[in-house]
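In the two assemblies presented below, subunit A is common to both, partnered first by subunit B and then by subunit C.
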Partner chain A sequence: MNLHLTDIGSFVMSTLLGATPLILAAMGGVLSEKAGVVNIALEGFILAGAFIAVSAAHLFGGHGWVISSLMGILATVFLGLIMGMMHAFLTQRTRMDHVVSGLGINLLAMGATRYLYLHLYPNGVEVAGLDRRYFLVAALILPFLVQFLLVKTRFGLKLRACGEDPDSAVLAGVSVIPVRYVAVILSGILAALAGAYLTLGDAHNFSTDISAGKGYIALAAVIFGKWNPFGATGAALFFGFFYALQTRLQISSIVIHFWGIDLTNPFLMDTLPYLMTIIVLASFVGHTKPPAALGRQEVL
Partner chain B sequence: MPTSLKLGRRQAILLGSAGIIALAGCAPTKKTKLIGGVVLDLGGPDDHSFNASAVKGLSMAQSQLHLPVGATKWVETNSPSDYQTNLAGLAAQGYEVVFAVGYAMYSALKEVAPQFPKIDFAIVDDEAPSFPNCAGIVFKENESSFLAGYLAGEMTKTGKIGFVGGQQIPLIEKFEAGYRAGAETANPKVVVTATYTGDWNDETKGRSQAAQQFGAGDDIIFQAAGKAGLGVINEAKARGAGYYAIGVDMDQAYLAPGRVLTSVIKRIDVVIVDTIKDVIAGKFQSGTHIYGLKDNGVGLSPMTYTKQLIPPQVLSNISKLQNMIIDGKFEPPSTLAALKTFTPPKL
Partner chain C sequence: MHRKTPISFRPIASVLSGILIIVIFLAASGYNVGSAFSALWIGATGIQIAPISFQPYQLAQSLANATPLLFTGLSVAIGMKAGLFNIGAQGQLTFGAFATAVVGFSFNGMPAIIHICLALGAGAIAGAIWGAIPALLKSARGVHEVISTIMLNYVASDITSYMVTHSLKDRGSQAPQTAAISKNIHLHPFVPGSLLNAGIFIALSVVALSSWFISRTSWGFRIRAVGESREAAETNGVPITATLLLAMALSGAAAGLAGAVMVLGQEHRFVKGMSGSYGFDGIAVALLGGNSGLGVTLSALFFGGLASGANNMQLLTNVPDSIATVVQAVVIFFAGVRSPIFHSKRGIKKMINTRTGQVIHESPPD
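Up next, the complex of A and B:
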């Protein structure tokens, strides 16, 4: 293989950019799940965030890219807040099963964005967008902030208590439901920002189902990373690496055969990260312990 | 439960019958003749390419053939399990001809077509199932891709060009094989790199693949990857001068003026209009119909924003090659296997 410096550069960049939306959403996943709320709604948050970002940015498109992108981000944060609140309300107030609530939100986001997009923008929509590197920097700083929040602050301690042993948390005077509201709302905002990356940062337009399962992959990263911010980031980078490697191997037309299997087949490469996740989780190396009260309904 | 929503039995019956009356009122009183129905493939009407071209075909038919409002209709497909439902749904409503836009609908069509012997069906991108009411519309994308490959081979400054496909299937192989053969004809030293997204919808993946191909030294990338391919155009646009994408199915130049060197067009829209015209005239023909350069079924876009960048010699060579293909002097390969034995024509 003939590797040039620019070549390696673009490979590293592809890895990082592939991981960026996963990291943003996975940090949301960590916060929510550490507080005891299962969050498969990440996918719906991403999709809705992706739509509102481009929609708001388009509305303010005449004011230059700075204002336009800023409004896009603000709208995304606001919608993430609302949707997070919805998941928190359904799981905490109405005591709905967390997976059912998440699935409902995902289906709602899918239907609503599809309808609104085709209805409002029959000829597509285009925005100036925001450089992807802003999102990348945010994604690289965020794990440190989340770790700090979880480990070094009073709120983080309460949050973890709500996920591990809500009954004791109540006895210690912590109001579990408000803490979980905050955690899930934060996860809504972060995942919606992952969506803003996809449209505002990457595509500069919207297309139906643009999230393409990234929310579920982010959730897999959370589990792979053992509910730890750095672990989840590492897992997201691992997925991003295979995402980029798959293309790299196709370009270089290297073929590696092992036990009669073409290991460099792009579709095999596609499944490899997930296969690795299963293998790692199933083996002793990956003995994981989720937050003890994750998804439990009977608290309080 | 909020008490205000509780209804007595009588109110419920009243409300229910009001609903039925309201629904009955919506039914069309005068029946419009239903002529053309289209079932779109995954990716939706906003793909700026394959599906969008079919939708455009319906609106062209509507205006060119002066059809009454509501005579044509398209439906989206959200999952492959909906193919049969959608095809049968349009047929049951009584559209005279139902188009299955996408090779993936072949087996669904084979199930549905015999159930509606009075309805005509046409599948795009695959051969017709052997029923008297089925037509197949197949394009020679290898011919138009050959011209695009020649253009890219002449225009590259780095000597490396790329290809991003949606899935490694015979249909997309036609694009890749034609493109490679064209590049080889321009310059045997040109290196062609090809990657497949494995996904027709993931725009970020298309962009990531384009970024790496550009990073590896390619300066022109041809995409045949549906919505995922829009990411290739985005990447060329983001990189600016010196980098080009080649569009597919529709003229995609408007998506990034100046950065889309040309588009490999497939006139799904025109074929849909022609088929509807035949159906109205009672001249629908079953069996497989093949559209190539000769029939204006495929071709290169007019290059609205890029024509002035291309040397006149190259443009005249392209039209020379085009005429040679039309006259049957040579045939661009449609599979990678045929590419191996392909000898470039002499200009």
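Up next, the complex of A and C:
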């Protein structure tokens, strides 16, 4: 097999693009989980963001791709804000189990987007879209911003305190619930933007299963990266690398057999992020410490 | 998950708000609410009011839909009794279905009843193994079961997809599926054309048996004790690891049986993607049913009827049937809300006080 520089270039690019939505959503996951709120709602945020981005862009489709995409992004940010607020409200004000709330939000997003899609666009929907590289640049800058926010700002300190020891945070004068609201709302916006990448950036249309578990993989990246923005980004890039490899192997028809098992099979390669996450969690216990108060409801 | 507060009105409130959501969606999108609702009602119950008539097919389909939900709802409920959130019913169901299909097509000429028992047993065991893994990971390595079960769902779906496209692929077809199971062990439909079969009786008996096991046996008591308070149970000498393993194995077995019955009664083979979302639906079933045997039964019937009603509504009035998923979400929200809406005034007062930053020290409502 001859590797050319352009090949390597395109392989790196497809790795980066595969990781882009994962990084966006994973940064949301880091913020929310660092503040102590379990976030399996990322999947629902992504799906809802994907839908609203394409519908808003389609609504303004006649005004050129700039306006159309801009409106798509604005609508995505707005819906991400609303949905993040919903998760924050349910987990903080009504003290619902964080996983239950997340599952409910995921189901709501699944049902509502499919309903609206079939109802509004019986013949499908197409948009001009936005260059994927804008999203990529955002995804590469974002981890630095999140790290800065978490480590260098007063708000970041408060946020981490809410996730580690909310009772002490309260005694130190931090209003835990508002801080968590902000964190979860940010996670809603970022994950929804990951959804906008999938429709505006990548597919230029919508399909009802477009999120395809990316929210859960982003959550896996958060854990794999030990709740650290750079770690999570690294994990997302690692998963993106395997997506790119998967695609490349399918095209090149290379087959590697091991004990009669076709290791290059796309289904088997697909298990990798999931298995890695379990292995990392199982083997690094003691080193991998989730935020101490993650998912605790009896806070305050 | 356990609450001492009387919650008998909560399921009713959940269901009513679910119905309200349907009305809002229908009205907002300009459908005729009356005709859509009558299609939903007939699809769920088979009873047409004016002119009065009964369509057994519709009711049979509702009950057929409820069959796997009885199992997966039970699966999630058993996990919750032990304080574990089993989101993995989906993967356990998939492996159960797969194992049943393999046993189903591997033997021929065996007495039907033995073969059926073997096939069901294989499904239950496969589900139990897939359920036991998160319990092992939890007790040995402290891996949270929510994360491991989410991951294992994907792994189960990927591995079975690999199998039915490779070594265990049906040679007579291009489709990603296994060979057909022996005709001997089909569960035949009660109402021609429908999917309702003896599976529902298997499901109901398993639910009853599990209810009895959880509430009347010493191991059931241990499971509940661990679910109430792991520390207290440990202090009193309950073996935590064994109890968690047992609970998750039972939970997985129930989900595996869902897959087994689907293979024997509906698909007659394992087909890639046949698990649908029954495993996830089980979460809503268990939450609405308050994790009790009777509750799970009623709520599986409700969601089974809802699915089949929504299907009929889509056929007759073009309303997308995913409205049923939205109802599930609403039910989950209502079932999951803790204080203050469903609790005392103290809860509300406390909420106001935390808003101003003032903390009142009092015990949480449950």
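Criterion: the second predicted complex is superposed on the first by the 292 of 300 C-alpha atoms of A that agree within 3 Å, B and C clash if a C-alpha of one lies under 4 Å from a C-alpha of the other, contacts with A are read in each partner's own complex, and residues count from 1 in each chain.
Operating definition for what follows: a residue touches a chain if its C-beta (ideal position, glycine included) is under 8 Å from a C-beta of that chain, and two chains touch if they have at least 3 such contacts.
Given the structure is predicted, the values throughout are model-derived calculations rather than measurements.
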Clash or fit (per the criteria above) of subunit B with subunit C on subunit A: clash
Which superposed partner A:118 touches (first subunit B, second subunit C, both, neither): both
Touched partner set for A:203, first subunit B, second subunit C, both or neither: first
Which of subunit B and subunit C A:267 touches, first, second, both or neither: both
Partner contacting more residues of subunit A (subunit B vs subunit C): C
Which of subunit B and subunit C A:13 touches, first, second, both or neither: first
Touched partner set for A:40, first subunit B, second subunit C, both or neither: second
Touching partner for A:247 - first (subunit B), second (subunit C), both, neither: first
Touching partner for A:212 - first (subunit B), second (subunit C), both, neither: first
Partner chain(s) touched by A:145 [first = subunit B, second = subunit C, both, neither]: neither
Overlapping contact positions on subunit A, where the subunit C interface meets the subunit B interface: 114, 118, 208, 267, 270
Touching residues (chain side subunit C, partner subunit A) in the complex: 1, 25, 29, 85, 87, 137, 140-144, 146-148, 150-152, 154-155, 158-159, 161-162, 165-167, 280, 283-284, 287, 320, 322-330, 332-333, 335-341, 351, 354-355, 357, 359, 364
Of all residues in subunit A, those that touch subunit C in their complex: 38, 40, 90, 93-97, 99-101, 103-105, 107-108, 110-112, 114-115, 118-119, 170, 173, 175-177, 208, 213, 216, 219-220, 223, 260, 262, 265, 267-268, 270-271, 274-275, 277-278, 281-283, 285, 290, 297-298, 300
Subunit B contact footprint on subunit A (complex, rising order): 4, 6-7, 9-11, 13-14, 17-18, 21, 114, 117-118, 124, 198, 202-205, 207-210, 212, 243-244, 247-248, 250-251, 253, 266-267, 270
Touching residues (chain side subunit B, partner subunit A) in the complex: 44-48, 162, 168, 193-196, 198-199, 201-205, 207-209, 211-217, 227, 230-231, 234
